[in-house]
Amino acid sequence: MTGAELWTTAAVFGPLLASLVALGGRPAALKAGLLLGSVTTLAGSLGLWLQVLQHGPVRHLLGGWGAPLGIELWADGFSVVMLAVTALVGAAVSLYSLSYFGDLSTLDAETSPAGRAARYFVPLWLLLWSALNGIYLSADLFNLYVTLEILGLAAAALVTLAVTPRATVAGMRYLIVSLVGSMLFLLGVALLYTEFGTLALEELSAAAPGGPMAATSLALMTVGMAAKTALFPLHAWLPPAHAGAPAPASALLSAVVVKGSFFILVRLWFAVYGGGSEAGLVLMGGLGAAAILWGSVLALRQRSLKRVIAYSTVAQLGYMFVMFPLLAPEGLGGPDPRWSDDAWIGGILLAVSHALAKASMFMAAGNMSYAVARDGLRDISGVAHRLPMSFLAFGLGGLSLAGLPPSAGFVGKWLLLREALSAGGWFWVAIITVGGLLTIAYVLKVLRHALDREASDGDFRPVPRRMEWAALLLALASASLGVRATEVFQVLLQGGVQPWT
Amino acid sequence: MEGLLSVLLVLTWSFPLFVALLWTSARLRGAGLQLAPFAALPGLLLALLAGGLPAPPEVGAPMTEVTLPLLFTGVDLVLDGTGRSFLLFTSILWLAGGLFARAYHATDVRRGRFFLFFSLTLAGNLGLIVAGDMLAFYLFFALMTFAAYGLVVHAASTEALRAGKVYIVMAIVGEVLLLAGLFSLGGTFGGNPAFGAQLESTWVDLAAGEGPTFGGAAVALLLASGLGVKAGLIPLHLWLPLAHPVAPTAASALLSGAMIKAGLLGWMRVLPAETPLPEASTVLLVTGALAALYGVVAGILQDDPKTVLAYSSVSQMGYMAMGTGLLVAHPELAPWAGVALMLYAVHHGIAKGALFLSVGLADRVPRGDGDRARWWILGGTTLPALALAGLPLTSGALAKNTLKEGLGEMGGTTYSVLEVYLPLAALGTTLLMARFLATLWRRREAADPGTRAFLPFSYGTGTLVAPWAALVLLGAGGMAWLPISVDVPANVALPGPGAEVLVGLLPVLVGAAVGWVVWSRSRDPDRRGLLPEGLAGARVPAGDLLVPVEAVLRWLPLPNQEEWVESLERRGRRGRARMRLAARQLDRLAARDVETVNGTLLGVILVALGAGLVLLLMG
Amino acid sequence: MMGPSSSHGPGVSSPSPSGDAPTGPDASSPSPLLRDHGERDGPPLLRWLLGLFLVPVGILLALGLKGAAGSRDPRIPDLIAKHLPETGVSNPVTGVLLNFRGYDTLLEIAVLVAAMVAVWSLDRGQRHFGLPASASASGGAGGGRPFLSAILRLAVPTAFLTAVYLTWMGSSEPAGAFQAGALLAGAGVLLSVAGVLRPLTAAALPVRIVAAGGVAGFVVTGIAVLPFTGAFLAYPEGWAYPLILGLEAALAVAVAVILVELFVDVPSIPAHDAALDAVDPYGDPLGRALAPDPSPADPEAP
Amino acid sequence: MTSLDLYVWAGVVVFLLALHAVVTRAHLLWKVLAINLMGTGVFLILLAAPARRDPMVADPLPQGMVLTGIVVAVAATALALGMALRVMARTGSPFLTVDPETEEPDPDAPEPPR
Amino acid sequence: MDVTPLLAWDALPLAVVLSSFVPGVMIMFLKEEQARLRNSLNMAGAVAKVALVGLMLQGVAGGASYEWALEVVPGLSLTLRGDALALLFVTLSAVLWLVTTLYAIAYLEGSANRTRFFAFFSLCVTATTGLAMAGDLFTFVFFYEALTWATYPLVVHKGTPEAIRAGRTYLYYTLGAGAILVVGAVWFQVEAGTVQFAAGGVVDATAVASGPITWAFIFAFLLIGMGVKSALFPIHGWLPTAMVAPAPVSALLHAVAVVKAGAFGITRLLHSLFGIEVAWEMGAAVAVAALAAFTIVYASVRALSQDDLKKVLAFSTVSQLSYIALGVALLDPLAHVGGLIHLVHQGIMKITLFFCAGLIAQTLGVKKISDMGGVARRMPLTMAAFTVGAVGMIGLPPVAGFISKWYLGLGALGAGQPWVIGVLLASSLLNAAYFLPILRTAYFDDPDPSWARGAEGPRPRLEADWRLVLPAVTTAVFSLAAGLLAASSWSPLGWAILIIEQGVL
């Protein structure tokens, strides 16, 4: 029994067990659940990180059966990095949620919505967490479908924890989009099984799918996952949902949940389909570019802080899809298409920095709304002077999104630009630069209100220190990643873009 | 002895600077006021002590030399023959001026500021005399120029400020021209050439055309005109007639006597001794001659005695410019022309100083009572006036005869022209002096009525009259001490007092006669000193050439950038407003963005699906 | 799926069932949930366009599918047939479900648990069924309604028996935990509708334990076998059958409870609470009034 | 056209009809039912299409997948219905209402262009 | 104590950068009331930085060189290199930071948000020091962009709508150009293969000859990036508007730190990236020189018509900065010396002027030149310092300004570009035209009656708070010393000559 089995089990089933423990409902159970979930996931991801760093991709044959028959848990550089980011963000948000819902012991789940939210946030989040870990480690199509279902249901439930009508509608809309997306994905799985008779991704990539049926299935799965990742044309459900949810929920949704379906898309397009088609890659990049422009422009027009951050998610997701065309600068011709390491690591660094920065920004916004129960841009100036750490976290997060040093975003953008310039992709260069400037514009719009002079001293609920520290911790992580990212660089090279060739 | 000389060399300019610095702290300001008038003492001491030394073997050799490697870009201070004589008469003048000013401004509430600028200018003036290299000279020259502005605008009246403005603008133009020249010299030498040998070699390279910039002639012209502003050459003299009437009397005395001589010293130091510069010399000769005549004509048509004296300085400097022009054209004339120029400068300095102080003194003489005192003053003033006019037996005659002697050596057409020109000039000066005495006589109302009270022959008047009297006596007894003050090289024999008496006497007598005739013709006492009606009309406005120049400037449509900037901002505001309108449309579009969710799933999912399918199938 | 919905009094959804017949204002008219004749369905032009667009996609898809199956070689069924004996069960589907792809079944139960927790996280609110208070007072099963009580007496025991049979035969015949669970759930629903079974509430701990039991059992056995066979859920030699059977039983009960819970616990439709509109949707998602922090009482409890 | 092909066609038609319904119908119940129907369509295709390879051999893997899919569909539908009820409770109408937030005035309301 | 072991410590550059970063971060977490702790932290940081820089000066003068690198991603690393050129700028910012901190503490006494102010103030200096000692283009851009956002809170410190608008303009310019700079830097790495700074440039002439268009674009992008901060003509608009910031910010940032970063960037661009010969052949250096010359004259003309004192100083800064760009763009080592020493001289002279402007605004509430009549009587020391600064700006001896103008002139002649002398002299004329009237009103107009001695009670011994006057006078003395003692080896001129001799440029 090598270490891999132990760490993968811990990563996937740790949070699952923890959620069952948390179902107990009493504060002690909730705390125990969070602690168990965090510890097992952190241990699992750290263990896997070291395993992958030394031995390259590792696999865990569940039930002892081989690929076509049984299901495998498979970890390479990309999955390990996503595991680690989810663990880090998850731990910080768990810490945050302990004090966000108020004093758990006094809250009565039956009467007060806050009590009900507190009691059911923890199990739902832990289920979500195990689903995410499951996605990052799964190497089987149908298994991906079922994990996606858990992700979808739990995420939609997180949104409807909020009591306001608007959040309920947003949660419903999110559930419908998510279910439609899953159905389309399942149809894609059906087509692939019909064509190749196997569900294991490794065998599928060996069969090098290219026929019309495989292309249709990829199209179906892409649209399904794009709906769940809120890629540009299908993004409209995200802002109301992520902005309306309670703060820890919106932090998780924006930072890690959307990354799950993004991960699946990258796996399908590159690991299984070997890049799909050049036109397809350019289409995905184009949609990403449109997402950047549309998301940023709308973020500029929003009046509430959380909606600005939510639309910023739509925009920043666009960046990750800009990675697609840059990964294959010389096209997909030739036996083994040369994947550009710069674009691969740059894109993933952007994803990582977005996860960390977005979580810290939502938590900072959560602190503000916790303090004054208002979220308008006009009310920020009153609060900013009394929550300096939160707004420092928001500022640092904004820097990371905009790709200003010191931040992982800056390094990621530098690498993406280097790839785009060496391949002469002037359109992508322009998009990346303009995107950065637009991001700065809406971050500045928020900070401008924060730096206004008159501090309104309305009734102000003191924010527990722990909540501010959680937000700042993630922002600092993103900043420090901007100074030292070699370890991430090396582990991402293990398994690379197409691990199974 | 050598150590003392070098200490004095440093002290001449650092002591006045120290006095100026005292002004910054409120407590020490009083001490500063006391010390300022005597700030020129170290300079005088150095000049006298150096005088005692045996004359150095050849003309240019420095008596004492000090280098301060650390200071500025390596300053070396030198006192040579010309330096010594300049230092002598300058420090005498500054001492006299200082004492006079201390009494004159005893009741002036802003005398602290006066003495601040007084000591700064003094430091600059003495510094540039002892400066041994180009940049040090420029440093002290700039200090003197800008500090003198404080003296010019001391009265802070509107005319003073206007005169000050003209003065500072012209001064800066001069600085810029001078700097351009210095840059070229520095560029050719590749650093900061010291006067003497290094400068000469630079000029040799320049003449040969190796220098990185314009030819030797152009550089010489730049330097000449840069210093010419200070020396009052014709087109650049505009500030002189404006500055003198407004400046306090002591200041204008120093301005005319000592400061404009800095221009002359600059020419002698910077322009080459060996390499001939034909173009520069013709320019100097022409402008010099023009200045000499124009000064007289314009001077006669003035009412204010100080302005008359200002124009007289312009004409005198004209002579010196001609002397320099000759020196530059014919290096072989060096010993003679050099000595002649030196004599002329010293004589003019002392005499002009005395005349200015007499005007100051006249201000203090009460009206009506005690005409006796006023006659005293007039009598005393005629002495330096006559010296200036070149009456034989005075320093003027000595200087003129030496100049003629020197020119004699040269011979040729220029000599014959000068043969005629010099007596004419002497006549002109005499007429000018007569005009000055007439205006001084009319000086009924003092320049500033407030300080008019005639001080009893106590401490106050004593210090007023003493410096005036000293200068008058020095002016008159020029023949005695002048040869000693200038170190005359062996091969130059100064003409005796008796030389050329007749030729010298005639123009002065004729001038005096004409003056007397004009004076006696006007019968009624109050019109006595005035110009005859015919001439009265041709009044030359103050600052003569400046008036047309200002008219032209006012007429020029200077682009007003502020309007242009405001139009830019207005366009910016309109642009921003349009952007906000566009943003409002965007808002409505954004609202639809959410609404389309219900409708969007309808179209967009499928469109994306279809597009994806088609592309992938193709790919 | 939709039981006779009864709209409760405004905002009142106290945990203890009010027990009386629905006295809602418009008991006669159908619930607003059902009143829609499609007038809000979006512009007909777009709907026709979509329909027009879908037809060729459908034809393309079907044609593509038609030719597709030919190319693959049927490895999977032969492999399953070959390895079936090692799985300890004779029925290939149960083999796939519980041995070869046991992880999928585990996640499937996790989906059920997720759905249950999600439904619990929605508003509290209780459906209460069965006869008016007076009827249940008489204590008889089905009270004064002879026909209902007869059905109960007939259906519930048979359902229970067949469920046990199905779980038992699951290993060899096409049956299994889910079918048994569904059957039991049906019985449970019948009982609770009839008012016999006191409706299970989320607050009750036993309900949570049994519901979570299914997944917990699976995970615990998976982890337990890990040290022995070096892989999660790899049953050691000879232990496959007993373990599978045990899991099947636990799953059946868990599925039953979850499904009944999902049916019963779906909240009634409390009236629209006006106070919520005043709340800034993004500023105060949990609707907590700005009372000084520690005070437990929230005035706007829905 | 063997019976299996019939099933495949039926599956495709059901799937697309359901997709059309989900997208166009505004009422939440329609949408939830349509999603369920989409699942059924996919299961039909999943079972019929691969079997056409050799109809005699019953491939247990798709059957397992369908069984799991059905349970997942049940769970999803249950949650969807619960949420639909809650939407009904909160907003008073069974439709996904438009987000009214966008009509609020702009905080830095632009002063009229001078 | 024997400092030789410290001299050889390679991480000295890192220590210098951290010496202002650590206090900055610690201050960020202090409460507003802990003023004393904040001030002592700040001063300690400043003194430590000056001490460390002193050590490095000693080491580098002795020929040592310091290099420290942290690998961010394989191929990109943060390298700090303490060579003579870097030290020229680091010493300037370290010394002036110490002086400005004392000034800022007094200036902001009793105002709000001082914790935020001092925290970001230290961060700005950290970015400046890091930028100065950057060993490669990546590190340079890293700190350059960090400097942009770190300055924003200081520009909008007052929080008034006007300050916010100024902040917005500032960011539009700097971030816009910053984005172009990043694209240029990455493109440079792609084309040249490396981002390392090397004396004499890393680009070889043949590469430029083969792809002149690409290299022209790369140079243009990098120049725009550097040009915005060194306020070259078209992109200088932000500097005058940023004058809304409090005086210490204008003093240190808009006279020394931020704007010098741009000028230093241009020096690195011309010498360490392209190499002056290659840049000259490309015609790029001529373009920079021409642009700089135009900026010099344009900014001075704009300054003529300003009435607000700080606006005049701002335009004067725009003009003086282009001296540096002009100096380093010419082909003659003397011109390089002129450019480099002007980097220091303009810093100390301009900071004096800003200190005095701040003092006058703080003590007398006078912001406009037209109300400055008779200020010299009321505040003789401040006006004396202002006069030294003004005289230096005009370029009159003995203040430092003349030295740099002199070497620029000599270098221009050496490089065979006599027109530069014309520009220098025209600029001196224009400077005189807008500085001398200020001196005239200060010295010769009659003062506001309310300032007369004794009008408002017994005035303290000094004319204003000593912590404001002392810095102004100190920097004035520095300006005088840099001019008067220019020939000594420890003066800026001496150090610039050392840079040329060590062949580091």
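Letters A, B, C, D and E mark the chains in the order given here, with residues in each chain numbered from 1 onward.
Going forward, a contact is a pair of C-beta atoms (placed from the backbone, for glycine too) under 8 Å apart; a residue touches a chain by one contact, two chains touch by 3 or more.
Everything numeric here is computed off the predicted structure, so don't read it as measured data.
Undergrad: By the touch rule set out at the top, what is the minimum number of steps from subunit C to subunit E?
TA: Minimum number of steps from subunit C to subunit E: 2.
Undergrad: What is the identifier of the chain with the smallest separation between its Cα mean and the overall Cα mean?
TA: E
Undergrad: Can you name the chain that lies farthest from subunit B, using the mean of each chain's Cα atoms as its centre?
TA: C
Undergrad: For the chain pair with the highest number of C-beta contact pairs, give its two chain identifiers.
TA: A-C
Undergrad: Starting from the mean Cα coordinates of subunit A and subunit E, work out the distance between those two points in Å.
TA: Each chain reduced to its C-alpha mean, subunit A and subunit E end up 43 Å apart.
Undergrad: How many angstrom lie between the centres of subunit B and subunit E, each centre taken as the mean Cα position?
TA: Distance between chain centres: 38 Å.
Undergrad: What is the distance in Å between the mean C-alpha positions of subunit C and subunit D?
TA: 17
Undergrad: On a C-alpha centroid basis, what's the spacing between subunit B and subunit D, in Å?
TA: Those two chain centres are 98 Å apart.
Undergrad: Of all residues in subunit D, which are in touch with two or more distinct other chains?
TA: Residues 19, 22-24, 26, 45, 49-50, 53, 61, 65, 68, 72, 75-76, 79, 83-84, 86, 90-91, 95-96, 99, 101, 106.
Undergrad: Give me the residue numbers in subunit E that touch at least two other chains, ranges are fine.
TA: Residues: none.
Undergrad: Can you list the subunit C residues in contact with two or more other chains?
TA: Residues 42, 46-47, 50, 54, 57, 61, 65, 68-69, 72, 74, 76, 80, 100-101, 104, 108, 111, 114-115, 118, 122, 276, 281.
Undergrad: Can you list the residues on subunit E that touch subunit A in the complex?
TA: Touch residues, subunit E against subunit A: 28-29, 70-74, 76, 78, 112-113, 115-116, 138, 141-143, 145-146, 148-149, 152-153, 156, 158-160, 164, 167-168, 171, 175-176, 178-180, 182-183, 186-187, 189-190.
Undergrad: For subunit C, which residues are in contact with subunit A within the complex?
TA: Against subunit A, the touching part of subunit C is residues 15, 60-61, 64-65, 68-69, 71-76, 79-80, 83, 99-104, 107-108, 110-111, 113-115, 117-118, 120-122, 124, 203, 205, 208, 211-212, 215-216, 219, 222-223, 226-227, 229-235, 276-277, 279-288, 290, 292-294, 296, 298, 301-302.
Undergrad: Show which residues of subunit A lie in contact with subunit C when the two form their complex.
TA: Per the touch definition, subunit A meets subunit C at residues 1, 5-6, 8-9, 13, 16-17, 19-20, 23-25, 60-65, 68-71, 101-103, 106-114, 116-117, 120-121, 123-124, 127, 130, 134, 142-143, 146-147, 149-150, 153-154, 156-157, 160-167, 191, 194-198, 211-213, 216, 243-247, 304-307, 369, 372-376, 379, 459, 461-462.
Undergrad: Under the touch definition given earlier, write down the residues of subunit A that touch subunit E in their complex.
TA: Against subunit E, subunit A makes touches at 345, 385, 388-389, 392, 399, 403-406, 410-411, 413-415, 417-418, 421-422, 429, 433, 436-437, 440, 444, 447-448, 451-453, 482-486, 489-490.
Undergrad: Along subunit D, where are the residues that touch subunit A in the complex?
TA: For subunit D paired with subunit A, touching residues are 15, 19, 22, 28, 31, 35, 38-39, 41-42, 45-46, 49-50, 53, 61-62, 65, 68-69, 72, 75-76, 79-80, 83-84, 86-87, 90-91, 96-97, 99-101, 104, 106-107.
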